[in-house]
Amino acid sequence: MPNDLRKDGRTASQLRPITIERGWSDQAEGSALISFGKTRVLCTASFTNGVPRWKQGKGQGWVTAEYSMLPRSTNDRMDREAVKGKIGGRTHEISRLIGRSLRAVVDMKALGENTIVIDCDVLQADGGTRTAAITGAYVALADAIEWARTKKFIGQKSQPLIDSLSAVSVGIIDGAPMLDLAYVEDVRAETDMNVVVTGRGLFVEVQGTAEGAPFDRAELDALLDLALAGTAELAEIQATVLGPGE
Amino acid sequence: MPNDLRKDGRTASQLRPITIERGWSDQAEGSALISFGKTRVLCTASFTNGVPRWKQGKGQGWVTAEYSMLPRSTNDRMDREAVKGKIGGRTHEISRLIGRSLRAVVDMKALGENTIVIDCDVLQADGGTRTAAITGAYVALADAIEWARTKKFIGQKSQPLIDSLSAVSVGIIDGAPMLDLAYVEDVRAETDMNVVVTGRGLFVEVQGTAEGAPFDRAELDALLDLALAGTAELAEIQATVLGPGE
Amino acid sequence: MPNDLRKDGRTASQLRPITIERGWSDQAEGSALISFGKTRVLCTASFTNGVPRWKQGKGQGWVTAEYSMLPRSTNDRMDREAVKGKIGGRTHEISRLIGRSLRAVVDMKALGENTIVIDCDVLQADGGTRTAAITGAYVALADAIEWARTKKFIGQKSQPLIDSLSAVSVGIIDGAPMLDLAYVEDVRAETDMNVVVTGRGLFVEVQGTAEGAPFDRAELDALLDLALAGTAELAEIQATVLGPGE
Amino acid sequence: MPNDLRKDGRTASQLRPITIERGWSDQAEGSALISFGKTRVLCTASFTNGVPRWKQGKGQGWVTAEYSMLPRSTNDRMDREAVKGKIGGRTHEISRLIGRSLRAVVDMKALGENTIVIDCDVLQADGGTRTAAITGAYVALADAIEWARTKKFIGQKSQPLIDSLSAVSVGIIDGAPMLDLAYVEDVRAETDMNVVVTGRGLFVEVQGTAEGAPFDRAELDALLDLALAGTAELAEIQATVLGPGE
Amino acid sequence: MPNDLRKDGRTASQLRPITIERGWSDQAEGSALISFGKTRVLCTASFTNGVPRWKQGKGQGWVTAEYSMLPRSTNDRMDREAVKGKIGGRTHEISRLIGRSLRAVVDMKALGENTIVIDCDVLQADGGTRTAAITGAYVALADAIEWARTKKFIGQKSQPLIDSLSAVSVGIIDGAPMLDLAYVEDVRAETDMNVVVTGRGLFVEVQGTAEGAPFDRAELDALLDLALAGTAELAEIQATVLGPGE
Amino acid sequence: MPNDLRKDGRTASQLRPITIERGWSDQAEGSALISFGKTRVLCTASFTNGVPRWKQGKGQGWVTAEYSMLPRSTNDRMDREAVKGKIGGRTHEISRLIGRSLRAVVDMKALGENTIVIDCDVLQADGGTRTAAITGAYVALADAIEWARTKKFIGQKSQPLIDSLSAVSVGIIDGAPMLDLAYVEDVRAETDMNVVVTGRGLFVEVQGTAEGAPFDRAELDALLDLALAGTAELAEIQATVLGPGE
């Protein structure tokens, strides 16, 4: 692993400063404003009784997510998808990733016929928005579930949360594997991978893409090592923020 | 004017606590996170050279605005307009109001062939989102114009800003005129009016609607008095935030 | 008030020739083809039993409106909104204004669980289309309600109409307040205001906009005076058209 | 041919009362409000210099048409296509039919690089709206072309109009061929045919559909006979309305 | 009828080589891959119990069709309608034609409250795609109905198929009537007609259009003769493919 | 690796029967109809001179892809995305995956300012449609590039193809890793991974998802082993089909 410092002074295996402002919203059942460096994502969890029609009558709950970027979250202003009248492919893809990932740590039987919608709105983007979104979404989700148990929408003995969940990006830049890429790094990466891992260290999603040159098995292994270390660190931060009560 | 305190302890002619976090965004040329009580709106101003095709070759600039609410900014989660594939009437109406209001205090000749897009995204809604948006948008706009003068996209001797601008809602509740309605007050109001006023105290927009009972001339006059007082107070807060340099 | 005649020979406080062709449609429950000078709007009222889902079970009715312009109602042909695949902001705004205004003079309890949809289609446009639409819509609405009473969809003793309703535009041109602006006047107006008033002279909507220079309190007062006089005249014309039976 | 009178007193080979109000619009270069009985269609022709991109540089003009029905032109109110956000198949089909038919009588070289858009808006529908639209559209088109010759957008010696054009519906009801079906007849017809014919009696479009039972060659022949007679009558009415000057 | 051979060596009254690959799909209840020369259309019939809401409770079935072209079925790649977000007029028109034509040979009572959706996807286009689609769709429909009788979704004694159905295009090229136009012929045709005929030789649809010069009654007659001969030939090919069991 | 045979008689590490019909289309510059068992995808490559606006002037080419399923490619008929008016998230995601993967083996400089659009239309679906699409798309792409070299749109000495490309799915079923999942296997898989690999055995995409239980590092390794073996086999089939000339 290279010792060389990165532009922002980090080592290759170092996360950016992570902050999680739990309960940011007065309205949502669970919420978190998460920062991975300058990347800031507002995650809210909306709990409602009942499930979509195609899930009804099975005694199971549903968790889904929507991801979006504010038009000026980026360096150049993007047109709003609402104005364009359709959701872009990237937005769809990330929304689906977040929802699928969260469902992997929820016991739908224990949730009962209730729905939790997670909204991840990127207020400012500097790389890693989808991994910040997943990491913050878990905190919002945990709080919404706790709220529902308090309100007795979920039985006191049920615990729908099977495990915790966090995500991080890794990539190969100038041949060197690096953790948690900022935007300027992301555009230079030959290979870019997003990894979603549970608190117990099991993989939920592994999405690696050769942006530049295809990668070999050894490079893949090095990236997976970095990602497991990074998500373990994030899981600790989440645990601290959520406290012993969770 | 009634002396009775409101639910949140205010008198009829009192604004909610107002805060303006100037320069919230690292990306935008101008930005402000404004709060009117629990209502929080992120306003960004994006400056670009050039104007839309239909304005080209006239030596004049263009200012426009887009308003949107995050899905869980409200008590019940709303569907995203991007997901529905179209912008609702209310969103259109408010976006047009904000853009039109701001243009009233900008000298388009002095701006030159440049465009400023103001995005007002409601992060949390508790009544008065459009008036908070206009008041915050002015601050973002002022900073974007100052940025452009520093960058020499606008001549040092030109001052496109003719006047400052703020807005407030007023309404009649149980027969009594009230300033700056919170959401619980707004739903009870018989008449609801949004007033946009310049720093010199001139009207830019007067939009009054009888939600319950139609109103007479005397009631209209009382509402206008309240609105002029409220916007004068907001103009002072803006001036303090922007400092003497502006 | 200036005595100078306008381009079409009117004084500042004079309406254009107003005609209302009641019962123009063989299909609708109520209809009127209204002209404000060259502005011609076909208003139809469609009465149906039942209300939208969100109003059901409350014993109340619903009134809504849709406004649209034919593509060649204007001097330059406009693209159809159906072809563009979405409704523009202006159309949304005016549709909402018409519906909201009409509801202010309808007792929803007396209407019972019935819905009236008002369609206002501008066949020819020469300024003031929204105010002509509201004034004609009231006549169509009154006839649809009378039809429903005859058909016993509404009790014979119920009278859902609380008051009559008309609307007019006013504006400041070259510093002078003027009533009922034609298109050539509208584009020159510094300030433009649409005012909706009941037969008893109460305000339902006041929508004033500084297109050019912001306006002061005295100008606002002069415009309101003109609007009250103009709508009173329109209310008389409506009463004559509808006859004593209404 | 049956002698039996129809519900409205016509014989099988009789048109409904036809009226054409030429020049109904103050805005369009050509216009006609046409009635086939209770069916009323407003046809406007908009002339503009230039042609769509794909026609440029060929020295040829372009003629196209758009058909639409007002929501309450029919007995039950239909949703607006603009509100639904898309044009229905029937609307598309009829718009294409009208445009294609008109182009058959226009010499595109003589028209030069100019575009004429015909709008046919059905104000009231009682069967035969597409044939009324074509018949009225021809009158609007003829006036727009005359206007352009007067304005010298088309050379004085050029005559883009090759022939006149009218259309009528025919159908088989209870085994009997009938001309110009009203709505109550149209729904009962086993076979329904729309025929577009030039002033010289040549076919431009023949669109026959077995709504009920398939039809044989003899029935087809009888329908074509009726249609040729009906369109000849319409051509005479058009000639009278347009006068000798055309 | 001219004896001159066409570019592909056919006489004026000769069909292109016709092949029908019955049962191409492992998934659909009925299917056929049909070729008219280089034109290849995949037709599938999807049988489901139940009918759309507006047909319910009448004891009748429903048959409908959707037509589409793959983006590179043509010589130049076309944009996908799904990407454009709307169905074009031509697609709508042909889908409606196919569905309407098939319904003419189905006894909806005998079909019972079941729905058959026919999908006609053009894999390669060389003229006559709509007529190939109808001819292939009939084979897929026949198989889906036979499947439903085997599965007892339709009574063994019921036979919803009243007659067989095929379609062919005819046109006038350089004054000569021709059968089954290939693409290079279609673009040269002065008049183009699509004719849908039952196995018994009755007309279901006659759609003739003067693309170039309007046509007279004698030309129309010659085209109808050719079409009847061509569809009779197609009906024989269908019968051979379907075999005696049908 | 388990020896147990699968439902279709394969061992865990066996591909389904693979067939590639090269040059299926008469229209496209390159094409292939590929089958992975019952999954059949038609891949066409459309070559055009020029690049999208945002790529112009850089001397580089562009390769993109669109994926779509015919409505009855699946066991239950799906609604067409064109009819729904928008592309679904899954379709977007797979289109992006195919385009991104292909670009990894193309030297854009060598391609010059030319665009290749790959269309992958699923005619029949039985699992693994995206991996079949990528594998077939490579063959179509190779032929389109060869076509362009023959036509001299690309220099004879340039070889834009850097490597070959194939893809396969792998998954864990009842704890056992399996290659090339058919639909019935796919729905049972706890973990599902799509892997895109070059002819030289380098990774281009690794997309693993825990559909059921999260997976550990050892399971991930076993899946990657299977995928590398499967794609090596597919690369040999491609080489045979394309022949020595490529």
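All chains are identified by letter, namely A, B, C, D, E and F, in their written order; residue positions are counted from 1 within each chain.
Keep this in mind: a residue touches a chain if its C-beta (ideal position, glycine included) is under 8 Å from a C-beta of that chain, and two chains touch if they have at least 3 such contacts.
Keep in mind that what you see is a predicted model, and the values were worked out from it rather than measured.
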Determine, among A-F, E-F or C-D, the equivalent of interface B-C; equivalence here requires over half of the contact pairs to be the same by residue number. A-F
Taking each chain's centre as the mean of its Cα atoms, which chain lies farthest from chain D? A
Could you give the separation in Å between the centres of chain B and chain F, each centre being the mean of its C-alpha atoms? 51
What is the distance in Å between the mean C-alpha positions of chain D and chain E? 28
Report the inter-chain centroid distance for chain B and chain E in whole angstrom, where each centroid is the mean of the CA atoms. 60
Enumerate the residues of chain A that touch no fewer than two other chains. 85-87
In the complex of these two chains, what residues of chain E are touching chain D? 86-90, 92-93, 95-96, 100, 104, 163, 193, 198, 200-210, 213-217, 220, 224
Within the complex, which stretch of chain F touches chain E? 25-28, 31, 38, 42, 44, 46, 48, 66, 68, 70-75, 77, 80-83, 85-87, 91, 117, 119, 121, 123-126
